[in-house]
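One chain, chain A, links the two complexes that follow: it is found with chain B in the first and with chain C in the second.
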Partner chain A sequence: MASHGHRRLATGAAPYGWLYLLPALAFTVVFFVVPLLFVLGVSPMQWDGISAFQFAGLRNYIALMEDSAFSTAFTNTLLWIAVGLFVHLPLALLVALLLSKRPAGWRVFRTALFVPSIISTTALALLWYFIFNPDFGLVSALLALIPLEGLQGLRLLADPTTALWATQLPYVIYLGFPMMVFLTQISAIPEEYFEAARIDGAHDWQMDLHVTIPLVKPAIIVNSLFVVTYNLRLFEYPFIMTDGGPANASINLSLYIYKTMLQSFDYGGAMAASAATIAAGLVIVGLMFTVARRLPGDTR
Partner chain B sequence: MRTSIRSGVMVVAVLFTACGGPSASPQSPQASQTQQQSATPQAQQVNLTMMTSYGPNQSRGVVLQKVVDEFNKSHEGKIRLSLEINPDHPGMVAKIRTMIAAGRPPDIFHYNLNPNDLAIPQSGQLMDFAPSMDASWKSRFSADDLALFTFDGKLVSLPWQQSPALFYYNKALFKQAGISQFPSTWSELLKACDAFKAKGVACVSLFTQNDAWHTSNALTYVAACLGGLDLFSKPDWNASAVADSFAVVKQLFAYGTADAVGANYDVSSKGFLLGKTAIVIDGPWAIDPMNKAFTNSEIAVARAPSCDAAKAPAGFITTDAPSPMAAGKPANKAHADAVVEWFKYFTSEPVANRFAVEGSQPTAFKQNVKAQDVDPLFANYLAVSANVPGKAISVQRVLRPSAQTALPAILEALALGKVTPAEAAKRLHDSNTK
Partner chain C sequence: MKRMVRPRSAVFLVALLLVSLAPFLWLLLSSFKSALELYQHPFALPSRWSADNYVTAFAQQPMIAYLRNSLLAAIGSTVLAVAMAALASYSLLGRLRMPSWLAGFLTFGIFLPTSAFIVPYYFIVNWAGLYDSVLGLIVVYAGVSLPLAFLIVKTYMDTVPRQLLDAASIDGAGFNGTFWRVVLPLSGPGLATACIFLVIVGWNELLLASLLTGTKAAQTVQVGIRSFLEAYHADYPVAFAAIIVAVLPIIAIYLLLSRYIVSGISQGAVKYE
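After this line comes the complex of A and B, so read on.
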C-alpha cells in the first residue's frame, strides 16, 4: 500500500519542498527586503548618519525634484541605458554574428573580446582616465597625428559637451559579456533552419536577419535586462574618470547617491534618490517586458 | 519521512549558523579592550589605536610615527598605541562617522571641525577631557581653542592644529616675468598674471575636484578682503562681495593651467612643483615636496594681497579648519587614563617642537622654537603667519556638507563660463541654506 507521502510524490507535489527554498528566501529577505525597507523608511527622514532621525515628510523628494544635479543624473542614467541598449548591444550582436561564422582566428578574437569582462571595472576606468589624459594619453597622441587645429590637447574629460560620451566609450567597446550570451544562444539554433534557408537561396545577411536574430530574442531580452540593471548601478566610470564633472555633466544616479550620502551626509536625501532609482528601474524593466512580449520572434 | 525531517532540520541549522553569532561581528577597540582586561585581570597593557591620515610619505607623518614609537617604548607593558593610517582624509572621516554612527567610535582620531556640521563633537560618544584638564595641561592651549571644542560643558576634543594657507611663490618665475616683488593688491596680482601669461606660465595653481582646496583658499582671500573675515559665517552673505570674489576667481582660472578644471590636489600641486604655475596657496604640508623640488632660495612665502575698500585688516590670513584630536568614550578607567597619558605626552612642548623642527607642522598647542632651528621655508611660513591681525577659515571648511559637495561643480561651471559670478555666488548660497 502506498504511503501518504508516496501518493503526494506521484501527483508531482514535492513534500517539504519549501524547506529547500528557505536559504534563498532568507537571503532575499536579509539582503533585499530589509535594505529596501530601510531605504523607504529613511527616505522621509532628515538624518546625517549620526544624530537622531527627524521626520521631514516629502521634503527630501521635493528637494530632489528641485535639484538640477539630480535631474542631470537621472537624464544621464537614461542616456547610459539608451547607449547600452542601442549601441553596446547591437555592436555585441554584430560581433557575435561575425564570430558565429567562425572566420580565421575566431577563437583568439572571442577570447580577446571577452577578457575585459573579467577585469575589474575600477581598473578599466583608471586605464581610460590615463588614455584620455591630454598630456600623455593615447588619445592625445593619436589626435596629434591628425593635422587639424583644435584636435591637439583635447580635454575630452574636462569638456562638458564630451565628458559623458568619453566616460561611456569603454563601456560601449567592452562587449565581451553580451557577445558571449549571444554566441551561446546562436550556437543553440538547430542547423536545419540554416540549411532550409540556404536551400531557399538566402544569403548570409538574410539568414542573420530572418533566422538568427529572431531566434536569439531570449538572449536579446536577457542582455537588455543586464544592460538596464548594470547602468542603474554603474558607478566606477563616472566616479574615477570625471567625478561626475565637469559641472555635473557626467554625473549619474549612483554617483549622485554616493555624493549625497557620503559627502553631503544627507542620508535621507540619498535614500530618497535611491527610492527614485528603484522606481525608475521597475518602470523601465516593466516596459521592456511589455515590449518584448509584443516583438515577433522565438520566445522559448 | 524521517529522512525529510532530518534534511529539513539540517537546512534550518545551516541557516542559523550562516547568520552567525556574536563572535562573527567585528569588535570595537573598546569592547576588545574590555574583554582583554576582564579575561586577563592581571594584564596591565592598554592597547589603543589612533586613526590618522598622516602617512610615512609626509614629514609630519614620519614625526608622528616616531613620537608614537617613543611613547610606546617609555610605556612598555602599560600602554601600546598603534597608528591606523588612511592617507585619504575624506575617506578616513567618512569611516570615523560610520564608526560613531555604529556606536563604536575609534580610540583616538583627528577630524576637521565644521561649525555647520557638529555631528561628531555632539555625537555624545566622545571622551570628556574636562575632568582630566589640570592647570598645567590647560596652560598648553589657548582658552579660545578650548572653548571652541567645549559643548554642554564637556571638552570633547583637544586642539591639534589650524594650519594657515599662505601664498607660496616661485621667485625664479617672478624674476623671469620681470616682477621684483610679490603683489600687494589683487589688482597688481592680476597684472602679474598677465606678465606670467606672456611668458607661458600659469599664474595660480587651482583645481576643482574633491574639496577644491587651492581654489577655495583663493576665493576666501578675495571674499574676506571684500566682505570681512566673517563673511561666510553669517547666514546672509554679502551677495555682491561673494559675486565679486567669484569674478576674480574666474579670472584666475583664465590665467591658470588648462587642466585646472577637473584636476585634483595632486595635479594642482605638481603644477607648482614643476614650474608650470608661479603661485600656490597651501598649508605647511606643501613645504616638504617643495624642498624636494626646489632649493631654499627659489621659493618664498608672501603676505596676501589686499584689495580696494578692504573690509579685512591688511595682513590677515586664511586657515584650514580647526583640526582637533578626539577619543571615543573609554571603556573603563584604565582606558581613560591611558588616553589622557598619551595626549599629555603628545601635547607636551618637546613633542610640539619636534613637529615644528622635523615635520614643518605648526600646532595649536604651544611650540617654542627659534627660526634657525626649523626649515628655512617653514621659518618664512611661521613669520608670515605670526601675529596676524585676523584669520578667515577657508570657505570650503565652513560650508554645510551639501554646499561642500556642490562647490566643485559650481567652480567648474564658473570656469567654463556656464554661470556668471553672480549666479555662482547664488548657487553656493542656496546649497548652503538647503
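After this line comes the complex of A and C, so read on.
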C-alpha cells in the first residue's frame, strides 16, 4: 500500500501518508476484528478462562438453545427492539411533529424533553428503580389513587409478568434524542412544500402524513438503526432495575452474556451467546436496509 | 411561523413533560430528606432542607475519585479517538488514492453490539496489563467509540473544498502542512461535534466500566452510583444525592454547549442518510 501511494501521489509528498491511517486501523482491528474472530473461534470451545481450550463443537450452542434463560433473553431483546421501533420512535416522531409547528414555549419543551436523554442510562435506571419502589415510589402512590384492590402494593419489578414492561417504561418515555433528530430534519423541509399542499387544500394532518413523513425518511432510517444497535447493547435497565429477574423474566442478551461470563465463568457459553447476538444484529440490520429501500419517499 | 396546536396535543405534550420530569424533581427533593422522612412523607417537601446526604455520599464513598476517573476516561478516550479519526479521515480524503473500502472498514463497528465483545475485551485488557486502570478504560473507550468519531469527522472533513487543498499544495504546503494548517482548522465544528458526543457517551458508560475495573481506585461515577444501591439500601436518600451529583456535569455540559449539540445532530440528520 505504501508503494501505491508513493507512485500515484501527484505532489510526491507522502509515502508515509498511510501512517495517518495506521492508528485508526490498528484500533479497529484490535477492538472489532480481533474480538469478532475471537467470538467466532472460541464459541465452539469449552473454556473456563484459565486452562487450555477444549474443542466442544456445537455443544455450547446446543446448551444455549436448551437454556430457557437464553431463549428468554433472546425474545426479550427482540421485544426491546420492537418497543423501540414501534413505540419509542413513533412517539418521538409525534412529539417532533407537534413541536415543529412551533407552539408557544416549544423551545422549553424541546430542552426539557431532550436533556434526560443525554443523562446516563445508569442514572435513569436507578431513578426508575426508585419510582417503582412499593413503599415510597411515585408509581405505587399513583396506583393507590385508583381504588382497585388488585392494584395496591404492586411490586411491578418483582412480578414476572410485569417486570419486563416496567424496565421498558423509562425507555419509552425518554425519547428526547430521536425526537431531536426528527425535529431537525423536519425543520429542514422547505416551506414551499407545505404551501403547495395547503393550496391544494390539505389539512394539517394530511400534510403530516403525505408531506412531512416521507421527507423525514432519512431520519427514520438513522433513528431505526440507532434503536436496533442500542437495544442489542442495552444493559443498564435490566441490570439495575431487576438484575434480569425475577427468575430471568426480564433478562436480555447483554445481561445474559455478562452473567454467563462473570457468574458462571462459562466463557464458551458467553461467546456462543455473543455470536448469537451478533448474528441477530446483522440479520435485523440487513432486513432494515432491505425494507428501507422499498419504502416510498426520499432514498439515500 | 406559528401554527396552532390542538388542545389535546397540548395536553399530550404537557403530560409527557410531567411524566419525564416529575421523577427528577422528586429525586432532587428527596435527596434533602432523611431516610425516615422518605418513608413517612415521600411526596412532601423536605421539612428541613439538609445537605447531610451529600456530605455522607462524599465522606463515606470516594465520590471525588469516581468523578475524577469518569472525567479522565471520558476526556482521554475522546481526545484519542477524535485524533485518530481526524488523521484517518485526512488520509482518506482522496489525495492518496486509498482503497475505498477503508472508510467502510473503519465505520462498520458502529453496527456491532459491543456487549457481544466483553469476553475478548476482558482478555485483551488483562493481557495488556491494563485491568483496573483508568488508562485501560481510556484505551477501550477510544477503540469502541472510534467508528462513531470517524463517521462524524470524515463526513465533515469531506466538505472541505478541493480547491483549498490544491491551493495549499501549490503554495508548497505539502501533505503534513496541508493537514495542520488548512484541513484541521476548517474541520473544527466536526471535531467539536465528535468530541461532545464522545464525552457524553464516555461519561455515561457502565458495562465496560463494570467489567474492566475491580477496585474503587479506578471505578467511574456510573459504577459508583450503582454500588450505592447495595451500600445504602437502608438509607436511599444518600444514593439520591450521589445520582444528582453524577448527572450534574452532563446537564452543565448541555447548558453550556446546547447550540453545538443541536447543530451537531442537525448536521447528522441531514447528512448521514
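The criterion applied here is as follows: the second predicted complex is superposed on the first by the 275 of 300 C-alpha atoms of A that agree within 3 Å, B and C clash if a C-alpha of one lies under 4 Å from a C-alpha of the other, contacts with A are read in each partner's own complex, and residues count from 1 in each chain.
Here is the rule we use: a contact is a pair of C-beta atoms (placed from the backbone, for glycine too) under 8 Å apart; a residue touches a chain by one contact, two chains touch by 3 or more.
None of the values given here were measured: they were computed from a predicted structure.
Colleague: Tell me which partner A:Gln263 touches in the superposition: chain B (first), chain C (second), both or neither.
Modeller: Touch status of A:Gln263: first partner only.
Colleague: Applying the document's definition of touch, where does A:Tyr20 land relative to chain B and chain C: first, second, both, or neither?
Modeller: both
Colleague: Answer with first, second, both or neither: which of chain B and chain C does A:Trp165 touch in the superposed model?
Modeller: neither
Colleague: Go through the superposed model and pick first if A:Ala63 touches only chain B, second if only chain C, both, or neither.
Modeller: A:Ala63: touches chain B, not chain C.
Colleague: Scan A:Asp204 for contacts with chain B and chain C and give back first, second, both or neither.
Modeller: second
Colleague: Per the contact definition in the header, classify A:Met180: touching chain B only (first), chain C only (second), both, or neither.
Modeller: The second partner, chain C, only.
Colleague: Looking at the overlay, what does A:Tyr193 touch: chain B (first), chain C (second), both, or neither?
Modeller: Neither partner.
Colleague: Could you look at A:Phe53 and tell me whether it touches chain B, chain C, both or neither (first, second, both, neither)?
Modeller: A:Phe53 contacts neither chain B nor chain C.
Colleague: With both structures placed on chain A, which of the two partners, chain B or chain C, ends up touching more residues of chain A?
Modeller: With both complexes superposed on chain A, more residues of chain A are touched by C.
Colleague: Counting only touches as set out at the top, which of chain B and chain C does A:Ile278 meet: first, second, both, neither?
Modeller: The answer is second: A:Ile278 touches chain C but not chain B.
Colleague: Indicate the residue numbers of chain A shared between its chain B interface and its chain C interface, in ascending order.
Modeller: The overlap between the chain B and chain C interfaces on chain A comprises residues 5, 20, 23, 30, 49, 135, 262.
Colleague: So in the complex, which bits of chain A are touching chain B?
Modeller: The contact residues of chain A facing chain B are 3, 5, 15-16, 19-20, 22-23, 26, 30, 48-51, 63, 69, 134-135, 153, 155, 157-158, 160, 242-248, 259-260, 262-266.
Colleague: Which of the residues in chain B come into contact with chain A in the complex?
Modeller: 1, 4, 7-8, 11-12, 14-15, 19, 90, 94, 97-98, 100-101, 117, 119-120, 122-123, 208-210, 258-259, 261-262, 401-402, 404-406, 408-410, 412-413, 416, 418, 434
Colleague: With touch defined as at the start, can you tell me which chain C residues reach chain A in the complex?
Modeller: Residue positions touching the partner: 1-5, 9-10, 12-13, 16-17, 19-24, 26-27, 30, 38-39, 42-43, 83-85, 87-88, 90-92, 95-98, 102, 105-106, 108-124, 140, 142-144, 146-147, 150, 169, 174-176, 179, 200, 203-207, 211, 222, 225-226, 229, 236, 239-240, 243, 246-247, 250-251, 254, 258, 261-262, 265-266, 268-270, 272-273.
Colleague: Within their complex, state which residues of chain A touch chain C.
Modeller: So the residues of chain A touching chain C come out as 1, 4-5, 8-11, 13-14, 17-18, 20-21, 23-25, 27-28, 30-32, 34-36, 38-39, 42, 49, 95, 98-99, 101-104, 109, 111-116, 118-123, 126-131, 135-138, 141, 173-174, 180-182, 184-185, 187-188, 204, 217-219, 221-222, 225, 229, 232-233, 235-236, 239-240, 253-254, 257-258, 261-262, 267, 270-271, 273-275, 277-278, 281-282, 285, 298, 300.
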